[in-house]
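A single structure is presented below for examination.
Just so it is clear, A, B, C and D label the chains in written order, and each chain counts residues from 1 on its own.
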Amino acid sequence: MNDRKSFSTVISNWRKLSVVELSRAWSGIKNFTRRTFTDSLHPDLPPKDAEKLLRQIKDCLETSDGGASSQAHAVEIGSQYFELSTEGRKKFLKILAENFDVDRKKVESAIAKYTGAISDTDLFKGEIALKEALTPPRLTLLKQFNALPQGFKFLIDLRADILPMKKESVPLSKLESDLKEILASWFDVGLLDLREITWNSSASLLEKLIKYEAVHAISSWQDLKDRLDSDRRCYAFFHNKIDQEPLIFVEVALVDKLADSIQKVLDQEVTPLNVKDANTAIFYSISNTQKGLAGISLGNFLIKDVVEKVSTDIPNIKNFATLSPIPGFRSWLDKKLGTEDADKFLEPVKKEIKTVLPEGKKGAKGLSEFIGSAEFVKQPQTEPLSIILKHLCAYYILKEKRDGKALDPVANFHLTNGARAERINIMADISPKGVKESYGIMINYLYKLSDIEENHE
Amino acid sequence: MNDRKSFSTVISNWRKLSVVELSRAWSGIKNFTRRTFTDSLHPDLPPKDAEKLLRQIKDCLETSDGGASSQAHAVEIGSQYFELSTEGRKKFLKILAENFDVDRKKVESAIAKYTGAISDTDLFKGEIALKEALTPPRLTLLKQFNALPQGFKFLIDLRADILPMKKESVPLSKLESDLKEILASWFDVGLLDLREITWNSSASLLEKLIKYEAVHAISSWQDLKDRLDSDRRCYAFFHNKIDQEPLIFVEVALVDKLADSIQKVLDQEVTPLNVKDANTAIFYSISNTQKGLAGISLGNFLIKDVVEKVSTDIPNIKNFATLSPIPGFRSWLDKKLGTEDADKFLEPVKKEIKTVLPEGKKGAKGLSEFIGSAEFVKQPQTEPLSIILKHLCAYYILKEKRDGKALDPVANFHLTNGARAERINIMADISPKGVKESYGIMINYLYKLSDIEENHE
Amino acid sequence: MNDRKSFSTVISNWRKLSVVELSRAWSGIKNFTRRTFTDSLHPDLPPKDAEKLLRQIKDCLETSDGGASSQAHAVEIGSQYFELSTEGRKKFLKILAENFDVDRKKVESAIAKYTGAISDTDLFKGEIALKEALTPPRLTLLKQFNALPQGFKFLIDLRADILPMKKESVPLSKLESDLKEILASWFDVGLLDLREITWNSSASLLEKLIKYEAVHAISSWQDLKDRLDSDRRCYAFFHNKIDQEPLIFVEVALVDKLADSIQKVLDQEVTPLNVKDANTAIFYSISNTQKGLAGISLGNFLIKDVVEKVSTDIPNIKNFATLSPIPGFRSWLDKKLGTEDADKFLEPVKKEIKTVLPEGKKGAKGLSEFIGSAEFVKQPQTEPLSIILKHLCAYYILKEKRDGKALDPVANFHLTNGARAERINIMADISPKGVKESYGIMINYLYKLSDIEENHE
Amino acid sequence: MNDRKSFSTVISNWRKLSVVELSRAWSGIKNFTRRTFTDSLHPDLPPKDAEKLLRQIKDCLETSDGGASSQAHAVEIGSQYFELSTEGRKKFLKILAENFDVDRKKVESAIAKYTGAISDTDLFKGEIALKEALTPPRLTLLKQFNALPQGFKFLIDLRADILPMKKESVPLSKLESDLKEILASWFDVGLLDLREITWNSSASLLEKLIKYEAVHAISSWQDLKDRLDSDRRCYAFFHNKIDQEPLIFVEVALVDKLADSIQKVLDQEVTPLNVKDANTAIFYSISNTQKGLAGISLGNFLIKDVVEKVSTDIPNIKNFATLSPIPGFRSWLDKKLGTEDADKFLEPVKKEIKTVLPEGKKGAKGLSEFIGSAEFVKQPQTEPLSIILKHLCAYYILKEKRDGKALDPVANFHLTNGARAERINIMADISPKGVKESYGIMINYLYKLSDIEENHE
């Protein structure tokens, strides 16, 4: 309130003023004002402009009241980011990172307050003070960026920009952490919508599938149409405030037995199965689309929701399984076969190796050469070969751990998500990528509906 | 991983097992299991059942992995709340409040870690540890309740249940505070949708307006239809996950001059104004609908968004103002007129009082009797009477403060929201409620579009 | 083509003209012109203005090419109808009726052509010529009125305006017949959409139900809400081009046995039945909403479509029946009881009448007085009374015919629509209207799903 | 009514029957029955099955009451068409064509009635009788086919099947004419919806554009996306009862001057124009999609509606023109140049021809060789060459007529639709198709908004 004129002066002028004027005189309210930054920043954010930006942010945070006008100001700051060059953006992020962080003194004073507290009430106040002190000022600003055009997407992209540089410095790391905290809350799975994507979906959405598919590349619109055929399903999570942009999606094949080859699943020549004859849903591809949401768990919820949806909509589908790649298998195996105790490790399948290897080759080295040859994937799938490969792969999937987690990232995802390793399939992905990653082997992880079944018993 | 059988045993049995069995033996994965609570709780939650609930929650939090199966478990706990009696619910809340709070020891150990930190990296880790320690375990559980049917509404209603009892104890107070924190994040204005409500909206939505209207009660469906006529507008914020339930709504009249009487605005006999002839939007009623969202600011954003929407859609609307009640005026004035220095306070309008009061009455006491009489609102609106009332009211609105805020709650809301007091209207609400609250006086607060105007210049 | 300049002149000027000018010179095309009628018609359409309108229509029909510009002209003529008074409208219709009819000479010449035809080809041409001659010129104009704002509704309303006057003259009758022909084609049931109406439907639609309900008046919004409760359904036909306006709607109660009282069906105090426990759908009210669609059959299709929809959506609903009024029963019975052979007609129920009538009353006259008394509907429903009333009503419904059709219009509708009379219910509508029409008796007509059942066997 | 038991018998049995049984005895109503054709027809419709089908249709038409059960029967007949082979379908159509036509005797008797009529009332009755007699019985059946799945599309496709064979016999011709009559009424432009098609439209709709584009083939999804870019528009008419199927669509380019080359319009490399800078809408492609709607005018209404829509939505667009092919130009010119008076016809551009032709060539023959050479479209666009080609083309477009209509079908469409020939563009379509049809020349037809402008003045 900016009432420079004293009340008595006002009163003495009473008769001369209309009521409107009077109230104006008294109110002195600073109107809804939006300071428009008359000169825009240089795209590279040279020192002078960086200084200006720093001042703008300081100003904004100091006068912030959390309300509509404060938001308008924040939005104006954020919108400048769009105009900056790569270099300018990095500087923008550094300004945010190196300033506006948690104030150590404030934390220490809050700690003092907390440790001195005796009564429950004081402890409660102490906790609040401590939490507040631990909240960096920039958090307010970052949250207000959601009012930018497509603001939620902007925040995701902002984090995507920071992620590659977060190891450069602790401050950048902390800024990234702040953004993750915000995003984890606003992209909580409860806020998302599960939607089916079909050939009736908009082309602008469908082209995103082509763009984002991370497991088995979509080669053309015809390939895409085939993946949305009558015996296929595709589901995605969407955020209410981000149009036409799936956050994560899964592709599903409805089949009548566990799928054992990705090439068969993707074969465009095959006549679609009548859905009434299907009993199994194969999740053959899951793709995260937003780098900026890395580390925020969506995949496990997506699978669970799709299992529920499909089993409700198509009651004859009883089994849910993946047909998954094993991205780390080949590099692990190659290394393993080069170690000294390789032969010992191969002991359980010694007999099969002997049967399989061509004359003149033997042991780990022989096996290594055999499976590494360009001809390998054209081998007939004999019983002994199958036993060898399944043994090696099962060992990799189930026994190789790091920090108590399965070494293979895909295995770790599904196993911690409640699935079990159900079947190993050799020559299941004979594309160059499949051979390069895992000698063509894929695996089915099985999701059991035990909870739902239990409810029905 | 529950691999009781050692790897060598497994290997020795190799030939006998199918690969599937093998992988099962190895994996020993606990499947997606949902422990169904076979016996449901008694509605009043007697000690034995309270004990059971406590155990369920402990179990849930201990095994929580933040994923889909943990959520399923939490949902089961939450769903029991629906079945409880009032008494049972209170006990449920107390169990949550008195257990599962922040662990003081954990905080202290985190403080030690933080205060001992020297490098930036250690400080960062310290902050993270401290924040984590300050997050009560129950927060995880409460957040997972969003997966209940209409879960976001459930969380709002849960807080509405706690609010009246939060003063009973610090733990309840802390639980309420936890819920507020969650809700403030998930009901951030950026996540909400502004929608217009019209006579074409669904009846199930419209009946909510009748139910929730808090300022000028809607007397009938005809009254409601009239408030949605061609020269009226109604806007509300909605949450994506709460169907057919406005969170807050504002009713707007499009008029050709500042409205000075709520009875005229609500008069159902008046022919609607052609919108092309309107120049002013009057916000004559704003109602929050969810008790559980108390203290989370929505009203200021609603006004701002509606101002932007209306000024874009109907460019001839240039002025935005309220026609607002003054809920605390009469009780304040009655008290003021009873004080010793009342006559001194009335000094500036002494002359007018003399003109206005009937013979035999004078001073503060006379004025008090005069305006308190049942006949008062039928008085002609003479110039002197107008001057007296406006003086008193302007003083109340603009000069009476508590903690630096306007004493009148409506005034405080609009003034801190960037509006200014524009005009005081006497005999503007002559309903019993209007007379009882403010001797029939209402006020227009003006919202200026200076920011938008500035942009256009 | 308005090529006044000869081609040679054009060519001689060739060098001086741009190609654009050249093509203009050649084309001389009359542009897309819309003759705007500069002076509008007087609302009462006095002779001078009637003359003007006649000329406008003549002009329009003469230059009509069936394309977009001709339509624009027709629309302009039609739009004048909105501005006319009742008197003016009648004159407008008469102008259309008395002019622009089939040209007898043209018909006769086409007849000559047809009767003279020998080859199939000539006969075909003759038929075409005859059909064309039998198509009144105004039909073109009337059809083009569909391009008016809400044009399809306009055509319906136009016919509603003519219907009451069609008996005044043959020309008006023919005009009405033309409109019916157009409407029958554009409101063919195949073009309509069946939609469910619920409490989630828009208020503007729901208020139409209140307005149009023709059988059991809806007393309030609460009554309406009750009719849309969880154990009720309401379906209507809509036309793509008429917004928010049901053409015909039916109200359905889901119950667990054949309903025998409309008061019970409409009782707002009764707890809704769980739909899973229902086995019967009772159609208790069907209302046409558009007078202008009189004689165009929609009701039978609506019932059939709703039977299909409900039996698909709620498989436990196996029976479909009405609870129907008997609008002509009382007036028929009163007359019957006054005839000479009344006692003979009552012979089969002589014994019951004796039991039922109070002392001192007997025969047809006594019965007449007894059932005509104000106290009648409060009588206990004794067996003999029931036998008498059911006998009389069954006779009326099933034996009284006119032109081979059931005398009772509702009976005729359902019986010709494939239903059968299933049960007569006494004291089933004890409202004043029910007593006045049918001494409180109602009837259930049963719709059997034999066709659908047959398919499933 | 099948009351074999006499009323007296019924009455005598009265005491023994329940009311339900009684009413059944009386009613004897034939229920809603659907005769299911137990043995389906052979796909080729051999004589025995043709006979069966004939009987089915006869039966259906004889018992037809126009209501729901009659429709069910008709639908069953129609649905058999889907199962037939090409040969079977032809026989099906012939059965319909050769039977169930107008009954000549009935027409003659109606003629007698009509010619004998004296009073207006009798004339009216005579007209009605005559119209009825002229309506072939099969029309009822055909109309009821609209209740088949996607029935309206079925009727369109049925006509598409008949069109190529209609010249084979008068009966087939008449059947085709019946279908056209039905379709013209149900696809009246007033019943259609104009919708914009964008890159946000469903892929299943967009692939129809690729399929149906008849003027400038769409080479890929990228080409399609480019045609839906920010400075492009695409509009189509849709029918409420035909999902995802445009009936006719137009592609529009928003440009800043009259387009003179289709290759430039379709160039995917060009940066889109900012719509604010556009002043002209170029209709560069209109495609009918349904052969079965041939002869039913939609194109002129589509252009008119799009002109209105675009001029309302984008007020800076002031000019509307096409960039049209001239499909008959080359074949006309080649013939013309081969005639005896060719040199006389070339007289006005004699001088230019001399300038343009290479040495050794002259006159009509020389010109013919010159423009017919493969190198022709690579010629520089010199002034004299331009004059020659524009002269020849303008003559073709504006002077060559057949039956009073422009010889060129596209010219005829636009000129009768109110457009004028605005500018001739040489080397405007240098694709093989463009050269083959019109030596690469295209034309702009201009649509003037004079009517709308007049209204605004």
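Here is the rule we go by: a contact is a pair of C-beta atoms (placed from the backbone, for glycine too) under 8 Å apart; a residue touches a chain by one contact, two chains touch by 3 or more.
These numbers come from a predicted model, not from an experiment.
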Worksheet, complete the sentence: In terms of CA centroids, furthest away from subunit C sits chain A
Response to the item:
subunit A and subunit C have mean C-alpha positions lying a whole-number Å distance apart equal to 58
Fill in: Cα-centroid distance, subunit B relative to subunit C, in whole angstrom
50
Worksheet item: For subunit A and subunit B, what's the span in angstrom between their mean Cα positions?
Response: 32
Item to complete: Pull out every residue in subunit C that's touching 2 or more other chains.
Response: none
Worksheet item: Among line, ring, star, complete and other, which one matches the pattern of chain touches?
Response: ring
Worksheet item: For this entry, which pairs of chains touch?
Response: A-B, A-D, B-C, C-D
Worksheet entry | Partner subunit A, residues of subunit D touching it in the complex | 199-204, 206-207, 221, 225, 244
Worksheet item: Where on subunit D does subunit C make contact in their complex?
Response: 7, 11, 14, 19-20, 22-24, 26-27, 29-34, 36, 65-69, 71-72, 102, 104, 107-108, 111, 114-115, 120-121, 123-124, 127-128, 130-131, 134, 143, 146-147, 151-152, 170-171, 173-174, 177, 185-186, 188-191, 193, 240-241, 297, 300-301, 303-304, 348, 390-391, 394, 397-399, 415-424, 447-451, 454-455
